[in-house]
Amino acid sequence: MNDPTIQAVLICSPTNTHADIAMEAARAGKHIFCEKPVDQTVSKILETKKLVEENAVKMQIGFNRRFDHNFRKIKKLRDDGTLGEIQIIRITSRDPEPPSPEYAKTSGGMFLDMTIHDFDMACYQANSEVDEVYAMGAVTVDPEIGKAGDIDTAIVTLKFKNGAMAVIDNCRKAVYGYDQRVEVFGTNGAAASENDRETMVKISSKDAVCEDKPLFFFLERYMQSFRDEIKSFINAILNDRPVEVNIDDGLRPILIAIAANKSMKENRPVKISEVMEG
Amino acid sequence: MNDPTIQAVLICSPTNTHADIAMEAARAGKHIFCEKPVDQTVSKILETKKLVEENAVKMQIGFNRRFDHNFRKIKKLRDDGTLGEIQIIRITSRDPEPPSPEYAKTSGGMFLDMTIHDFDMACYQANSEVDEVYAMGAVTVDPEIGKAGDIDTAIVTLKFKNGAMAVIDNCRKAVYGYDQRVEVFGTNGAAASENDRETMVKISSKDAVCEDKPLFFFLERYMQSFRDEIKSFINAILNDRPVEVNIDDGLRPILIAIAANKSMKENRPVKISEVMEG
Amino acid sequence: MNDPTIQAVLICSPTNTHADIAMEAARAGKHIFCEKPVDQTVSKILETKKLVEENAVKMQIGFNRRFDHNFRKIKKLRDDGTLGEIQIIRITSRDPEPPSPEYAKTSGGMFLDMTIHDFDMACYQANSEVDEVYAMGAVTVDPEIGKAGDIDTAIVTLKFKNGAMAVIDNCRKAVYGYDQRVEVFGTNGAAASENDRETMVKISSKDAVCEDKPLFFFLERYMQSFRDEIKSFINAILNDRPVEVNIDDGLRPILIAIAANKSMKENRPVKISEVMEG
Amino acid sequence: MNDPTIQAVLICSPTNTHADIAMEAARAGKHIFCEKPVDQTVSKILETKKLVEENAVKMQIGFNRRFDHNFRKIKKLRDDGTLGEIQIIRITSRDPEPPSPEYAKTSGGMFLDMTIHDFDMACYQANSEVDEVYAMGAVTVDPEIGKAGDIDTAIVTLKFKNGAMAVIDNCRKAVYGYDQRVEVFGTNGAAASENDRETMVKISSKDAVCEDKPLFFFLERYMQSFRDEIKSFINAILNDRPVEVNIDDGLRPILIAIAANKSMKENRPVKISEVMEG
């Protein structure tokens, strides 16, 4: 932190240390790349934000999926008007393997740990703020996750301020692999991405015509997006431009996740304004 | 109705006449094929059901999509255990063209007129009863539909008694045509159907690689299913077997539609038990 | 044949009876629909042609694949200029099951029995006359077919007078079913058809992502084209218009098949002019 | 060449310098990676081979497509018996843009310059030696290429000693991009690869449902295979294992290309034995 030859720090440590390290780095005048989530509480994110602004450092949040080739293409089609006014966003996000129940206990729950990426993706594609959240969850994969107080399967619906609606479906286990699909539907058309596969080979046998399963997990599917987000961060520093995913982008999905948890617990739609502090 | 050479009647008249004609036919001892919905009120459906049972006639409801080749294949995979325990059902159902605002006024609203097919499909695939409904709707296609008191875009989520969850997204207008997709996700895998197209031709040009749009509307897409549901009805009579879609199957989606309307109006999840009469 | 109320005859009898029945029908002034091939000899086809013209009856040949929805779409794209000047035509045509060796003996050989459809398709898509043929064949499916003097696997290349080139690959047995694909490549782009399938369902399991195999055999795949060719024939009579597939279209692929047999036997390219009589 | 710290040389210079540099490197005891083709004459390749063997250095030829993820998967399915006995190999290989007529003049002709990769691919998938070649070529893209004595469009058929047949279709210009597909058909099934695309996004509009064109050209499509072939070469040196593509693999497609040129010129099938020297 005190080494003047170091311009930027990358924070990839456990979640509960993110904000503290970020604030230390901000005070030391270092630019910050911070893995999501910045923190599980709104207050600490706001505190970090204040320090980042006061010290005029750049801070980019690790929502790498914004750099995925498929989702970026959809975003482009959405932004250049090809899709018209956005009406419905559909996100399917399913993992190939559930985490251990131990991990589930400390993860902050599925919405803060896993769906948070999808909340960010929905906002990224909608280009609008979420107004209201309704969440339903269940334990259908591993009863131990349920005993640890978490869920492993969910459907979450979002209402955006610009009138768009979104639905996210999650599951901690899809036997066929990492299922990561986004569809954006608007008044001029729809753009939908299929899963990346290792090869484009189709095998025709006496039983069926088969292709590869989706790439196994996030390291395989999002490898290039991890590279591209770091490139983007470095370019923002070198060219003194705003980062592509800033701390407000880091706060937004936390608020949605908190609202989703409240919605599930109270079995009712919850406004984002209900969970904003101060 | 008094012609003894006639064994069965097919009711394809306006919705508000369905139940009365069906009851007359039941009294006359005729088997009945009745277009959906039997009626927009639960009481009249139950009254019809009573008469059908007292006169021991068969009554099949026109949920033709249960006979669609794609959805039937998914149902088979679900029933034979290929998919395992069902966790999530996703239904996309979008029309190529909105109805006139005049039609919207008398249709009973989008949930009773259009989504009712999707409610039936969700139940057909889940093989369970819906416990709770949450619906959000919007007017994003035609403001006149809004003025007529209806919506044209919606997302509806369903909780089933067996633990499955479902989400339906609807829009009265998709510029690319009739979008009719179903995906069933379970502990052993997922089955998802793409839209039928007129040809399997791909055109590669300097701009893109393109295929046909989905078949235009229900007459094109479901033509074979209309044929097959009538064949099934006739076979049920000829072989004295139960019909494949009975009056209980006709009542169920009506209850869900009524609950969905209540949910949207009161912006809260609504239990089916709240809208059951007597 | 003498019944004046009969306007047309459909000849679906064994190949060696086609020409004789057709000539009888022509003399009786009946319009003729004749299954392919009209005959295995050029002379008899020319004799039939003469009689058909003298008696001013219509004669349509049963090259039903010209009425297939996929191939017709490609033809349309080719004819309306979407594909530009045609450079390469690729046809894959593989059966799900080999014929019995007994059948092979009387069929006139694979080129006259099976590839003849592909020769017609190549000409239909090229819109030109074949100049030269080169054929190679092998027995890779059933040695009994070889003992019967026939082949069961082949690659045939064609040069057209307009400069287009075509390649056909055939096999009497594809374990995954009836493989019927056509691709037309030109200076403005390419159009390629995939096989029709029974459903559009994809199944994702722990092993792979699979879809249905191609429709089983010609009855399943070409059912609609059989209907449409008869409709076309009837319309040609009712509206006194030329038939869509005339006796010249029936002769052309016979000549190519004869040249292909000669090419394979002599292991050299053979000009169509070499096998034309008179 | 005299630097003892250098273990290996990579030869990526113009074709007519390949063999001389390789021989110099062999004499200097350096391992050699050499871009294809080693030379346009058989004698010089054999001379190089002799020196490589005498000096016991490793020499790998730059047939990078053997390292392509799609083709490698097909090869694996072929080698592990999934596809059964190989009957037909289909290769489509079309460039997005023709070379300049100047380049065409010095390239040795399309078969030696472009099809040579496909000849190697056919041998790689067939796992057998070519017995006979038949080639037809045409000028359909650029008349200047014709004036330079070359062709820009071709269909080449191959007979392998193990009974398999192959067909390659080539064009120097496909408006939709770099078309690189391989299909291997055998007694147990078929494996076919589609083109790689930049994204897996489908866009549905009022006109059509479109996906990305193939990746633009070889740098985009084969980038990873270029990396993987070099990794393979380095590993062969480090672990003292045979290279994956040796000088015999470099000679084989040259012989086929020479036979293809002879076949086209003389319009007859040509045996590989006819073009082998001494």
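A few notes on this one:
Which chain is which? They are A, B, C and D, in the order written, and residues in each are numbered from 1.
Operating definition for what follows: a contact is a pair of C-beta atoms (placed from the backbone, for glycine too) under 8 Å apart; a residue touches a chain by one contact, two chains touch by 3 or more.
Keep in mind that this is a model prediction, so the values were computed, not measured.
Just to note, of B-C and A-C, the chains joined by more C-beta pairs in contact are B-C. Both chain C and chain D derive from one sequence, and where they touch, over half of the residue numbers involved are common to the two copies. Note on chain placement: the centre of chain B and the centre of chain C lie 43 Å apart, centres being C-alpha means.
Centroids of chain C and chain D (each the mean of its C-alpha atoms) stand 34 Å apart. Measuring from the averaged C-alpha position of chain A to that of chain C gives a distance of 55 Å.
With touch defined as above, residues shared between interfaces to two or more other chains in chain A number as follows: 174-176, 179, 188-190, 203-206. Residues 85, 87-88, 90, 92, 94, 134, 136, 138, 140-141, 153-155, 157, 159, 163, 165, 167, 169, 171, 173-176, 179, 185, 187-190, 267-269 of chain C touch chain D in their complex. Against chain B, in their complex, chain D makes its touches with residues 174-177, 179, 203-214.
Of all the residues in chain C, the ones that touch chain B in their complex are 69-70, 73-74, 77, 82, 188-196, 198-206.
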